[in-house]
Amino acid sequence: MTLLTDAFTIVCVSGGLFFFLAGAVGLVRFPDTLARLHALTKADNLGLGLIVLGLLPQSDGVLSATKLLLVWAVAQLGGATLSQMVARVAKDKTSKS
Amino acid sequence: MADFFFIAGALIVAITAVGLFRVLRGPDDADRVMAAQLLGTGGVAALLLAEVRGTRGAVDVALVLAFLAAFSGVAFVNASLGEGSGDNTSEHTEDDALN
Amino acid sequence: MNALTLAGLSGAALIGMGLYGFITNAHLLRKIVAFNVIGGGVFLLFGAVAHRGAASGMSADPVPQALVITGIVVAFSATALAVALLLRYFKETGTPFLSDNCETSGSRSDVERS
Amino acid sequence: MNVPFGFDASLAVLTLAVAGYAIAVRESFAAVIAFISYGLLLALVWVRLSAVDVALTEGAIGGGVTGALLISAAAKVGNGVADVSRPLGRVGKFFIAFLCAVITIGIAVAFLSLPESAPTLAPLAAEHLPSTGLGNPVTAVLLSYRAIDTLLESVVLVFAVVGVWTFASDHHWGGAPESPGRDRPEEPLVFLGQILPPLGILIGVHLVWTGATEPGGAFQGGTILAAAWILTMVAGLTKPPSIGGRWLRFALVGGPALFLGIGVAGFVIAKAFLAYPEGYAKAFILVIEAGVTVSIAVALGLLALGPPGRRLP
């Protein structure tokens, strides 16, 4: 059983790692602000989401699992809303210039 | 397992730090903020991994960082949208206040 | 060389860098940022010293840690005060730089001098 | 050289690089964003130094609230055009860099030549920890062993608020600070302003409550509460309060006053200023923390809002 949950954790955390990598590479390499924002949101949502998912079986007790989910929820709410607003800022800028 | 968590956390910080290149280069302030946001999310992930490794309270730091990343993001958006558009509230906030 | 020495030396380097920025940057907001960089360095130095005092099952001496927490909050108060002063100064003069020539009127000079 | 040390070393180099960029870059906005990353990295460094209480404070105040304050200031002030009549020449800058390097080396030498056996108060703190009923030694230092420092600090916050208010124009005195939000806030911001503050209150209260046994405490919790309060204003859901408001002033002064009151009562009930009666220390500490948290939250919020009626051209 431990072996199974550990394997699950390793797979999920590695997946999260991959999305962080993709997000960082996209942020550095993509040509314009909106494309870079697109790359960033993947790291924000999937990267952190997969890591939280992978760590859930490792947490001891319901309280710490709830905390993990709360972290994810806060990051998710903030990230999603702000991505939209940042896109609006970037659009304002391009339409002005 | 603890080693795996440590290495994963270290890698995430290293990877997201690469994004800091955008703070350097810009060109827009939005790009810079995005890089800081990515580092923030990476830091949160690394802290969660540290908590599972046994650093007590790291998850609370993650919670605080996630919350305040949203807060400073709001400050950025608010400041950037505020500039240029002339429909600021200052006029009547002030009148309300004096009454 | 261990993590502790590293933290102490980084603190020392941050203090030097911050001090340089504090003196050479003419932009007042940049001075405030540099001031906070110095603060971070001082706290880090404190933290390294606190960590040296690990004993009795504690990972660090709690007294310097409590001092650093107090320090961070006071640094924020000072920063908020400085920012409020800067914004008022900017409102009066229209520039975020201190200038040597006093072209502003008498009623404004007290703001500028402080 | 092992992996953890390699990580710590990279983290240190990264922190120094970001700090250097914050100082060297031309645009003030970029400097502020670099500063926010700097605060974030410092919080990670503090966790690595196993000072989680400090990491919480640094993450909340250093990176978060200070960052937000500086961002809005940078947007208002801009980069400006330097018209300094006596610019520093290359030689002058080099001279200053040299002096700063001397200072850095001096501090580094002092740090490296600290006595081998470090003086520490940890055993003393550990010995008396059971008498306070607390589990977190840092909270015990803040609210029991060195409570006088914390009392004075909460007063410093009130003074700082008064100091910020003095920058108001005369005819704005007694008014309210300008709203940090816009006239018609964008819908996503309103949404965030409705969802995040309740979570913020939850997190803030949690930090204060766990502060007794785990990392956390009144300052960290109060900062989160202040941020939640300001978020509601940005979303246009609440308005900045008038600085003359009775309740506002009561909330601002209430915490320190309660702290001082219990401290003075210590003369009667425990034979010394700021002493707690035996067996009831934890109860008193929790009451003080609750009061101080409210005052810290109000004070930090007001500090971030700035003086009343501030209007910029």
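Observations on the model:
In this document, chain identifiers A, B, C and D correspond to the written order of the chains, with residue numbering beginning at 1 in each.
One rule holds in what follows: a residue touches a chain if its C-beta (ideal position, glycine included) is under 8 Å from a C-beta of that chain, and two chains touch if they have at least 3 such contacts.
The structure displayed is predicted, hence computed values, not measured ones.
If you tally contacting C-beta pairs for each pair of chains, C-D comes out on top.
Averaging Cα coordinates per chain places chain A and chain C 33 Å apart. A separation of 27 Å divides the Cα centre of chain A from that of chain D.
Distance from the chain B centre to the chain D centre is 17 Å, each centre being the mean of its Cα atoms. Taking each chain's centre as the mean of its C-alpha atoms, chain B lies 21 Å from chain C. With touch defined as above, residues shared between interfaces to two or more other chains in chain B number as follows: 33, 35, 60, 63, 67, 69-70, 74, 76-77, 80-81. The residues of chain A that reach two or more other chains are 70, 74, 77-78, 81-82, 85, 88, listed in rising order.
Within chain D, contacts with two or more other chains are made by residues 4, 50, 53, 65, 69, 74, 76, 186, 189, 192, 196, 199, 203, 311. Here the touching chains pair up as A-B, A-D, B-D, C-D. Those residues of chain D lying in contact with chain C across their complex are 4-5, 8-9, 12, 15-16, 19-20, 22-24, 28, 31-32, 35, 38-39, 42, 45-46, 48-51, 53-54, 57-58, 61-62, 65-66, 69-70, 73-74, 76-88, 93, 96-97, 100-101, 103-105, 107-108, 111-112, 114, 118-123, 125-127, 137-138, 140-142, 145-146, 149-150, 153, 156-157, 160, 163-164, 167, 217, 219, 296, 300, 303-304, 306-307, 310-313. Within the complex, the chain D residues that touch chain B are 3-4, 7, 10-11, 14, 18, 21, 29-30, 33-34, 36-37, 40-41, 43-44, 47, 50, 52-53, 55-56, 59-60, 63-65, 67-69, 71-72, 74-76, 172, 174-176, 178-184, 186, 189, 192, 196, 199-200, 203, 206-207, 210, 214-216, 220, 224, 227, 230-231, 234, 239-240, 242, 308-309, 311.
Partner chain A is touched in their complex by these residues of chain B: 1, 4-5, 8, 11-12, 15-16, 18-19, 21-22, 28, 30-31, 33-35, 37-38, 41-42, 44-45, 48-49, 51-52, 59-60, 62-63, 66-67, 69-70, 73-74, 76-77, 80-81, 84.
Touching chain D in their complex are the following residues of chain B: 6-7, 10, 13-14, 17, 20, 23-24, 26, 29, 32-33, 35-36, 39-40, 43, 46-47, 50, 55-58, 60-61, 63-65, 67-72, 74-83, 85, 87-90, 93-94, 96-98. Taken in their complex, chain A has these residues touching chain B: 6, 9-10, 13-14, 16-17, 20-21, 23-25, 27-28, 33, 36-37, 40, 43-44, 47-48, 51-52, 55, 58-59, 64, 67-68, 70-71, 74-75, 77-79, 81-82, 85-86, 88-90, 92-93, 96.
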